[in-house]
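You will see two complexes here that share chain A, one where it goes with chain B and one where it goes with chain C.
What follows is the complex of A and B.
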């Protein structure tokens, strides 16, 4: 028997919960679906000190939002996966349940890109996000001696998390050049990327790198004179001139093989060194998880600045399929605060469509402004050009509307 | 050595298999999928879809990032036959 709701939200991370709270507080009947046993999504793994404020403790924020959701009478379908969306709109859950609604919010977040290197399927190798979930949510060390491959905002943040959890992080290395690593294996390009990260970043590694210099000439100097033993930040050696060329071990990770690389990313194979570790974390970046928008028939665009293929959406976050909305990282990879604000915006827009708001236009305007403010004040930018990516989507939407 | 990396873990497809498929004339992601079974396992390409795009992009002139030519199909997550029958959906496309 299908269960009917005013709104069905898929994904109970910051975006999905934000949308649920706003819509339910205006009187909508809301169903919230998530594959995990507890709402919160990746918000639950976040812990950092904010530049001018207190600690941002994701677990606590998620718990408070969960309380609010329960008080507002949102129906939660936890430990359920959505396996299909049929028009207009039936949401199929993997335990056989079926939800029905005119309005659906896809808040499915992002997933990690792997960077395959030889040995990457050995047990003990994991995506960097998995290490964060283990350490910060489950309070389990992913390993005692951990090597991290891939230098980006996420891996540096989690290196710091692991260090705080008492893990010996033996180093952060580049991947070797291959089909999958491309620019991520190039020291010069990595310095340019690192210096584009916000200087407001919430951990000392990112802060230091943000100060490294934004000029190309300075960046080049940085690569040429980068110390061969790495730069120690918070006790973690950060290697811009070393790549992990192989992960060793039969049944379990036993060691990594590290090679020095020249300034353009070429390997100097004579300089190979074996370093014992029991866990390797690979960070290849995030991209929006969009499979449900795809099967629902939404039109797609490719926007590099937002993380890749995304469903085309309007300034009201609606896709080309009427009634299907998007919020959070499935529209482009950004931080939890932006995702939450996007969720609240969608919650307001749908409440208005349902005829629940008296001053809808004004509320929606305020919610849009909140998204912009959150984006402007973001401490970590996963894509330095996120704003231009967002503008590009609106431009593409308007172009489509004219046609 | 690099060519022996596993790319599709579910169907145990090596990088070398995918590159060979391209060299033998597979010109689309779908063709690679059909020939090697990459992306056809239980996870339905959730790990290797992006990797297949990258291999294609690297070894051919085709810019797959603009093309997005691998579709998604229901069910997008694994579901048991018992639960599928319970869902009461038997005539949908």
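What follows is the complex of A and C.
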């Protein structure tokens, strides 16, 4: 027998929980589905110092939101996967349960892009996000001597997390050039990327690199004058002229093979060096996780600034399938605070559609403003041009409406 | 491998339970995933691949890549990274034998 709700939310991360809290507090009956045993999503792994404020401890924030959800009577379907969505709208779970609702929020978050490197399937190699889950949520070191491949906001943040946890991070390296690594293997592109990091970044690594990258001299001289032995940032060598070309070991990771990149960007294979490690973390960047929007028949657009293919959505976060809304990283990769605010916005919009709000227009306006403020104050930007990406989506939506 | 003291997150204070992996007993903490408990016990190899019988461990850590499939109390292909340990849970690696899928 299908279970009926005013709203079904898929994904219990900051966006999904934000939507659940707002809708339930206005009196909506809400079902919240997640495949993890505990709500919170990737928020649970976050630990960083806020500028001029306290530490942001994701686990505590997630726990408080979970308490609120329970107090508000939100029904949680944990350790469940959504296997299908049928019009309009039936949600089928992997254990045979069926949920029904006029309104669905897809808040499925983001996932890491893998970068295949010879040896990357050897136990001991993991995605950088897995290292954060292990260290910050479960309090288990991903390894004792860890090499990180790939330079981005996530890998630099987690390098700092690992250092705090007492892990020996032997270095951050570039991946070799292949059809998956692309710009991430290019030293010049990486210097340009570093310059986009905020000076407000919540950890000393990001802060220092942001400053360094912004210096005209560094950008001009570029990779030629970047020391081939790397540069130590908060005790972690950051290598812009070294690529990990192979991960060595049969049953377990034993070492990485590192090659110097010469001034023209080519690999100097004669200069290979073997560095012993027991863990390698690969960071290829994040992209929105959007399979369910596809299953539901939503129209898609490709917006590079937002992390790739996303369901087209309106200024009310509704997709081209009426009743299906999106919130959080599945609309574009940003931080947890933006995701939370987006969730709250969607919660308010759906509450209004359900006729639960007296001053709906005003509340929605405030919620939209909260998203903008969270975006403006974001200390970690995964995509430097996120704002223009958001504008592009609205433009595409309006174009579609004109047709 | 345990991070017992953390400068921001503080001391680790969790209830101990016992799990078995391939017939041997290991200590685990209540609330953690199978993948975390095994890694804390220095176990990284969780299964062998169907093709080539190559060792595999955790990769994505969020239930997406399915590299960490293990057998739990006779249920095959449970994802170690999103499944919480229970006291006396019996976990086995997969793909060790030629006739196993």
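Just so we're on the same page, the second predicted complex is superposed on the first by the 393 of 403 C-alpha atoms of A that agree within 3 Å, B and C clash if a C-alpha of one lies under 4 Å from a C-alpha of the other, contacts with A are read in each partner's own complex, and residues count from 1 in each chain.
The working rule: a residue touches a chain if its C-beta (ideal position, glycine included) is under 8 Å from a C-beta of that chain, and two chains touch if they have at least 3 such contacts.
It should be emphasised that the depicted structure is a prediction, and the values quoted were computed from it without experimental measurement.
Looking at the shared chain after the overlay, A:129 reaches chain C, while chain B stays out of its contact range. Applying the stated contact rule after C-alpha superposition, one finds that A:121 touches each of chain B and chain C. In the superposition on chain A, A:82 makes contact with chain B only, not with chain C. In the superposed model, A:47 lies in contact with chain C only, and not with chain B. When the two structures are aligned on the shared chain, A:95 is found in touch with chain B, with no touch to chain C. In the superposition on chain A, no contact is made by A:360 with either chain B or chain C. By the touch criterion defined above, A:111 lies against chain B and chain C together after alignment on the C-alpha atoms of chain A. In the superposition on chain A, A:37 makes contact with chain C only, not with chain B.
By the touch criterion stated above, A:141 is placed in contact with chain C alone, chain B being left untouched.
When both complexes are aligned on chain A by C-alpha atoms, chain A residues 111, 114, 121 touch chain B in the first and chain C in the second. Only residues 1-2, 4-7, 9, 15, 46-47, 50-51, 54-55, 57-59, 65-66, 68, 71-80, 82-84, 86-89, 92 of chain B touch chain A when the two sit together in their complex.
Interface of chain C with chain A (complex): residues 1-4, 6-9, 12, 31-33, 35-36, 39-40, 44-46, 49, 54-65, 67, 81-84.
Those residues of chain A lying in contact with chain B across their complex are 81-84, 86, 92, 94-98, 111, 113-114, 116-118, 120-121, 178-180, 182, 246, 287, 291-292, 294-295, 300, 302, 304, 308-309. Residues of chain A touching chain C in their complex: 35-38, 42, 47, 55, 57, 59, 79, 111-112, 114, 121-127, 129-131, 133-142, 144, 164-166, 250-252, 289.
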